[in-house]
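Same chain, two partners: subunit A is paired with subunit B first, then with subunit C.
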Partner chain A sequence: MVSTLVPERAGPERAGPERAGRERRARPVSGAADGPPRTRRRRTVVAYLFLSPVLLFFAVFLVLPLGFAVLLSLSHWSGFALSGIEPVGLDNFAALFAAGSTFLVPVLTNTLLFALGTVALALGGSVLVASCIERLRFQGLWRTLYFLPIVTTVVAVGNVWKYMYEPGGLVNGVLNAAGAGSVAFLADPDTALPSVVVVQAWASLGSAILVLTAGLKSIPESYYEAASLDGAGQATVFWRITLPLLRPSLLFVCVTQFLTGLQSFALITVMTKGGPGDATNVAALEMYRRAFSYGDWGTASAAAFVLFVVVLLVTLAQLWVFRRKGEEA
Partner chain B sequence: MTPDGRGAGTATGGAGGTGPSRRRFSRALAAALPASLLGAGCAAPGRGTGRPGDPVVLTLLSHYGGGESKEALRGPVDEWNATHDRVKVRTTAVEFDDLLTTLMVRQAAGQGADLVHPYCLWTGQLVRSGVLAPAPPEHAAEIRRGYGTAAVGAASAGGVVHGYPTELQTYALYYNRRLLREAGIDQPPRTWLELEEAAYRTTRRDGYGNTLVQGFGLSTYDDSTTVGQTLALLASAGGAFVAADGRGTAIDSAAGRAVFALERRLVDRGASVPGINMYQAFPAGRVAMVIGAGWWTGSLTSRMGAAYRDVGVAPVPVPEAGGRPGTLCTGFLLGVNAAGPHQREAWEFLRWLNAEKVGVGSGTGASTGASHKAVGAATRMSVLQASLGSLTGRADDMRVLLGADADPNLRPFLEALAYAVPEPNVPGAQRAKSLLRKGIEELWTGRRSVDEALRTVRRQVDQEVARSW
Partner chain C sequence: MRGRGVPWVSYLVVAVGAVLTMVPFLDMVMTSFKGPGEAGTLPYRFLPSAFDLSNYRAAISQLNLPLLFRNSVVVTAAITCSVLLTSSLAGYALAKLRFPGRDFVFRLVLATMMFPPFLFFVPHFLILVHWPLAGGNDALGRGGAGLTTGIAALAVPFLVNGFGVFLTRQFMLSIPDEVLEAARIDGAGEFALWWRVVLPQTRPVLLTLGLLTFVDAWNEYIWALLISTANPSVMTLPVGIQLLQDHLDPTRTTPVIMSALVLSTLPVLLLFLLLQKHYIRGVMTSGLK
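And then the complex of A and B:
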């Protein structure tokens, strides 16, 4: 049996310098371009055969669902019979932004506020905590403690915080002990979204702290020594040395937290189910309801593409901001 | 494609009224992507060859997935399988929260069950999507003859019966006798005025403003506690949520305004705290009154133990003394998949389960607390529902099954079958219900006034429901 992976000895020189040069331009990986056309074809076939499981995986789980989602976003479909898919053009997108529709306000605005609030709190909190941990003994223990919410299921986290927020719960107990009245955190539309944002930020603090701790450890000690010799105070060191050199880690945390925030679903489902009213309703929850509860797969798919565009724009904006400050993604 | 000819494209859908090019486009796209996406899963499990006389296996998808309900359904199904050689029934159960999704996904993949057991709220949606088959004339006549108006209405869409009503829930006023007595009230309220007075008198708070006892429980916990009780009050005031033609809302009316105003007053004056989970607060003795469905009695019995003796049930209060009673009725139906190959056999099984009467002996319907001594006959489904502490729409069966010494708290629910109105089940009813729930929550939280909330609900429901037609 002839192994098709063994490089053929026939090089470009044998086929003439002109052709060799052409092939080198066309295929930068010179080894793969070697050999007569039949051999190359055979290699290409074998290469695709090796790639086929992965390509098949992507086709089944990425390309087809994506194509189906595009089709649905331009159709009306109740979700039951495939023969009932009825093309409606851009009607679904128009319906999402029609007067009186709740998708833009409050659903999409809630989504952005939720993501923004989560990123702000998680980023600020994780920088603070990571910096403090750097000065403590038993750093591993502290990092583990802060990482615990990550390994806890969202359902458990949501339910525990839900009870803590209730009128007779821990948070109100603390407020009462301090002489303040009770607050209906999750039942009041004004406080419901911020309350859930706090939980999401708390739950995502651990992973951010891990990344930032790694970032802090990569900053050379010599910079701090030099700053100390120059008489720089702690605040100056933090603003002029720590924060600028943490920028790659901050970029990573910022982008990933924003993506998570924009797609948040489970925590809100557990804690408020989007209520009261639409006070905590976000895009992912709205999409799920439209598709699986209301049988309106068309607008659900259209909403998914709108959210995709929002996520893309937000991510590009973050990359642009960080690049302007000299940081590569 | 299945051996019996059922495939992804055999079910009828809602496409229609479009031009030839649109139809071609629809067919081409519907055939290409979804078929390739779902092709691998389209082969239905072996359920008989479909040839006359050959064995048939009917599949039944329900939400009786665990505990008592699973066992209760197994009884009659095992009995059918033991007594019928050719047609067998196989049950598949999921949690209620997953029922619609499972129904949807299996139907789209060409693996829909022969018998489906959906929530009546979805009837219009399922009929419009070509899932539920209309009942054959003899079955429709049997259903109209054997069941109450509300039950028939819940299992119908556009006046056409689509299945046998199974478990039926009417709404009534649960009250805590001890809390009412402590407030100097001996009888449950019969009018809205009495309801308000009792609610204010029973409400208790601590020094920090935390509510210790809610006079009247309004809860945002779920659709049942938010929308169900509002629609029950609306029915008691003679109002309706959806217009008679099913194409819009009718809640922006004098009755709707009166219900919204009542609820808003109760919240504003502190007698109701919507953020509290009613299913925990009432059994804990922290709510004096709440409107709820009949199934809750079984849950309260097991959860409250001896304290259950404080629980009483009365009809939903009416706006004024002497007014006609009214309440809401929700439920489930057992229907036949329109894409199923064995529809005749499926309907026959449903008739056997829901219409054929069997003798009711001692011990039937254990969980209702009744003791039966060969007192009469009832359908197998009625026996099943009574054993779960629930009702069917067959009032005569229920009277037999509940007996003289049954839990008296079940009586008001049974009596309500005579005057309850079915939950609207037009296409888009689930969406309309969600929009109403949001409107109610915005009213309770003070985000909108009574008039604003009514106007918003009307506008949103009309707009969204119109899309479903």
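And then the complex of A and C:
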């Protein structure tokens, strides 16, 4: 039955020569790859037509820029005529790590501390809140509340918190009311980075809660029932059942938050512009500044690739750690 | 563990966390109503002395908010439409058509998601500056500002999204082949099929992807800052507001800035509250898979 229907499938415009192809096909249509050569060729053309906007975009805005960035990281360039690009080998990378360069310390160390602090706070907070929300009514309402910072522009988040951290702002107002002295959160180099970390964690808590909620919901109720039959307490259930079974979600939150933490500099740009001094300067911001404030495209591109390598290594390390733990369990 | 009396401790934890989450928003709204000498002065007071709209009027007039709004809407709409269109086209081909190179292209799409955005700031900017035959450039991309001066520059790097292609492709895999075959038997071409059969069935994931894209585009700051510092007429809301914050006397304008921030945040917050089910579904499925 199927074979009689094949010609119609390709549309009425199909002409004589196609019929030979149809006759040859005895087996039923199992997939679109079957069919006479011309149909197959047409399918391929149509498929690539569907893909053409995406492929064209990736060629111009992904492959070309990556190649260009590699070239720039190995060159000196004033930024005008393309013919003025001078290859200098690994000089840009050497300059980043030369004695006296701020790139390794404090910029890269700040980047890692920023990411680490954010992950620790967001992960701890979201595990606590997500597992508590599970026991409450109006779960959707609570999650919506926690999610609001994520859909808020970084300019709003950054400025509101910056204002809250000021001597006359909310945080110091609360401290003063409690009898404590004011803290110059963003102006003091010692407190600036932790202060920004808190804001980044605050802003990312909602999505972590969402992912963990999904993870919690996928744990079969029967495990909990079995545990309560065995007389396990809440703490035991949490450590022995909830946390181990939540591992995939925890891994996801860990990896994505760490990646976001390593890369993000919009919040820092808004709140401190990397200051005071270099106290909150991070690798992506340093790259941005070297490129667009100083026109130093070479070391900016080199910095971008160093950060990229850090991002890759951290991701691989986390995957490896979680996989090993998974095997032990 | 579950359903054993009222979980007071859980209520307490969640409520305290919720207050901490909401307080910055409330402080933003309260400050937006504060009069001269009320914001940033000691001792701190949470509530304003009166709720009047003078700061909002000042924000609209000082910031040229209508222009900023228009720019934000244009850029966000262009990005969202383009991502939806290109993702659903490519997603369909990758999910439902068989052709040589399909697996390679799919792997390529996955690979694009691996490269973090910061790698592209510099080369994207330079490529747009040296775009041939645009903005006073010659055929070799020399002499002018290229594509960096127009409003298009704000949208161009975000027009296609590898994650969007991946998301629509995964969803379209679940459309039964029989439905498509039936339509082909009825003589539908692939484009008609995509438009009339596939897109309507893909509506949930398109809504989700559209929302995610919309929110990201509306809130995008770094690239917009780069493009529009040179050209204030294409400034978007985040950049325009931040510029006011950076260049005006902070003690006098904090309430004005807060009211501008409230106005710029409201559209996205409302959209999210209305369609949160779809937005959250997107975050959740991308989190689970």
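Quick note on the criterion: the second predicted complex is superposed on the first by the 272 of 329 C-alpha atoms of A that agree within 3 Å, B and C clash if a C-alpha of one lies under 4 Å from a C-alpha of the other, contacts with A are read in each partner's own complex, and residues count from 1 in each chain.
Following the convention adopted for this analysis, a residue touches a chain if its C-beta (ideal position, glycine included) is under 8 Å from a C-beta of that chain, and two chains touch if they have at least 3 such contacts.
Note that the coordinates shown come from a computational prediction; the quantities given were computed from them, not determined experimentally.
Chemist: Here subunit A is shared; do subunit B and subunit C fit on it together or clash?
Modeler: Clash - subunit B and subunit C, as placed by superposing on subunit A, overlap.
Chemist: Please determine whether it is subunit B or subunit C that touches the greater number of subunit A residues.
Modeler: Larger number of subunit A residues touched: C.
Chemist: By the touch definition at the top of the document, which applies to A:Gly277: first (subunit B), second (subunit C), both, or neither?
Modeler: First partner only, subunit B.
Chemist: According to the stated criteria, A:Glu166 is in contact with first (subunit B), second (subunit C), both, or neither; which is it?
Modeler: A:Glu166 contacts both subunit B and subunit C.
Chemist: Which partner does A:Pro189 contact after superposing on A: first (subunit B), second (subunit C), both, neither?
Modeler: The answer is first: A:Pro189 touches subunit B but not subunit C.
Chemist: Does subunit B (first) or subunit C (second) touch A:Phe292, or do both, or does neither?
Modeler: Touch partners of A:Phe292: subunit B and subunit C.
Chemist: Quick check on the superposed pair: does A:Gly100 touch subunit B, subunit C, both, or neither? Answer first, second, both or neither.
Modeler: After superposition on chain A, A:Gly100 lies in contact with subunit B alone.
Chemist: First (subunit B), second (subunit C), both or neither: which does A:Phe252 touch?
Modeler: Second partner only, subunit C.
Chemist: According to the stated criteria, A:Pro65 is in contact with first (subunit B), second (subunit C), both, or neither; which is it?
Modeler: both
Chemist: Per the contact definition in the header, classify A:Ala235: touching subunit B only (first), subunit C only (second), both, or neither.
Modeler: neither
Chemist: Figure out whether A:Leu82 sits in contact with subunit B (first) or subunit C (second), or with both, or with neither.
Modeler: After superposition on chain A, A:Leu82 lies in contact with both partners, subunit B and subunit C.
Chemist: So which bit of subunit C gets in the way of subunit B here: 60-68, 96-104, 132-140 or 258-266?
Modeler: Clashing stretch of subunit C against subunit B: 132-140.
Chemist: Which parts of subunit A are touched by subunit B and by subunit C alike?
Modeler: The answer is residues 60, 64-65, 68, 79-82, 166-168, 172, 176, 292 of subunit A.
Chemist: What residues of subunit A sit close enough to touch subunit C in their complex?
Modeler: Contact set of subunit A toward subunit C: 5, 8-12, 29, 31-33, 43-44, 46-48, 50-51, 53-55, 57-58, 60-62, 64-66, 68-69, 72, 79-82, 125, 128-129, 132-136, 142-149, 151-157, 159-161, 163-164, 166-170, 172-174, 176, 202, 205-207, 210-211, 213-215, 218, 221, 224, 227-228, 234, 237, 249, 252, 259, 263, 265-266, 269-270, 284, 287-288, 291-292, 297, 300-301, 304-305, 307-308, 311.
Chemist: Residues of subunit A touching subunit B in their complex?
Modeler: 60, 64-65, 67-68, 71, 75-76, 78-87, 95, 98, 100-102, 166-168, 172, 176, 180-182, 184, 186-189, 275-279, 289, 292-296
Chemist: Which residues of subunit B touch subunit A in the complex?
Modeler: 8-15, 18, 22, 25-27, 29-30, 33-38, 100-101, 103-104, 107-108, 125-126, 128-131, 208-211, 220, 273-276, 339, 428, 430-431, 434, 437-439, 441-442, 444-445, 447, 459-460, 463, 467-468
Chemist: Where on subunit C is subunit A touching in the complex?
Modeler: Its residues touching subunit A are 1-2, 7, 9-11, 13-14, 17-18, 20-25, 27-28, 31, 39-46, 85-87, 89-90, 92-94, 96-100, 102, 105, 108-109, 112, 115-127, 130, 140-142, 156-157, 159-160, 162, 165, 177, 181, 184-187, 189-191, 194, 215, 218-219, 221-222, 225-226, 237-239, 241-242, 245, 254, 257-258, 261, 264-265, 268-269, 272-273, 276, 279-280, 283-284, 287-288.
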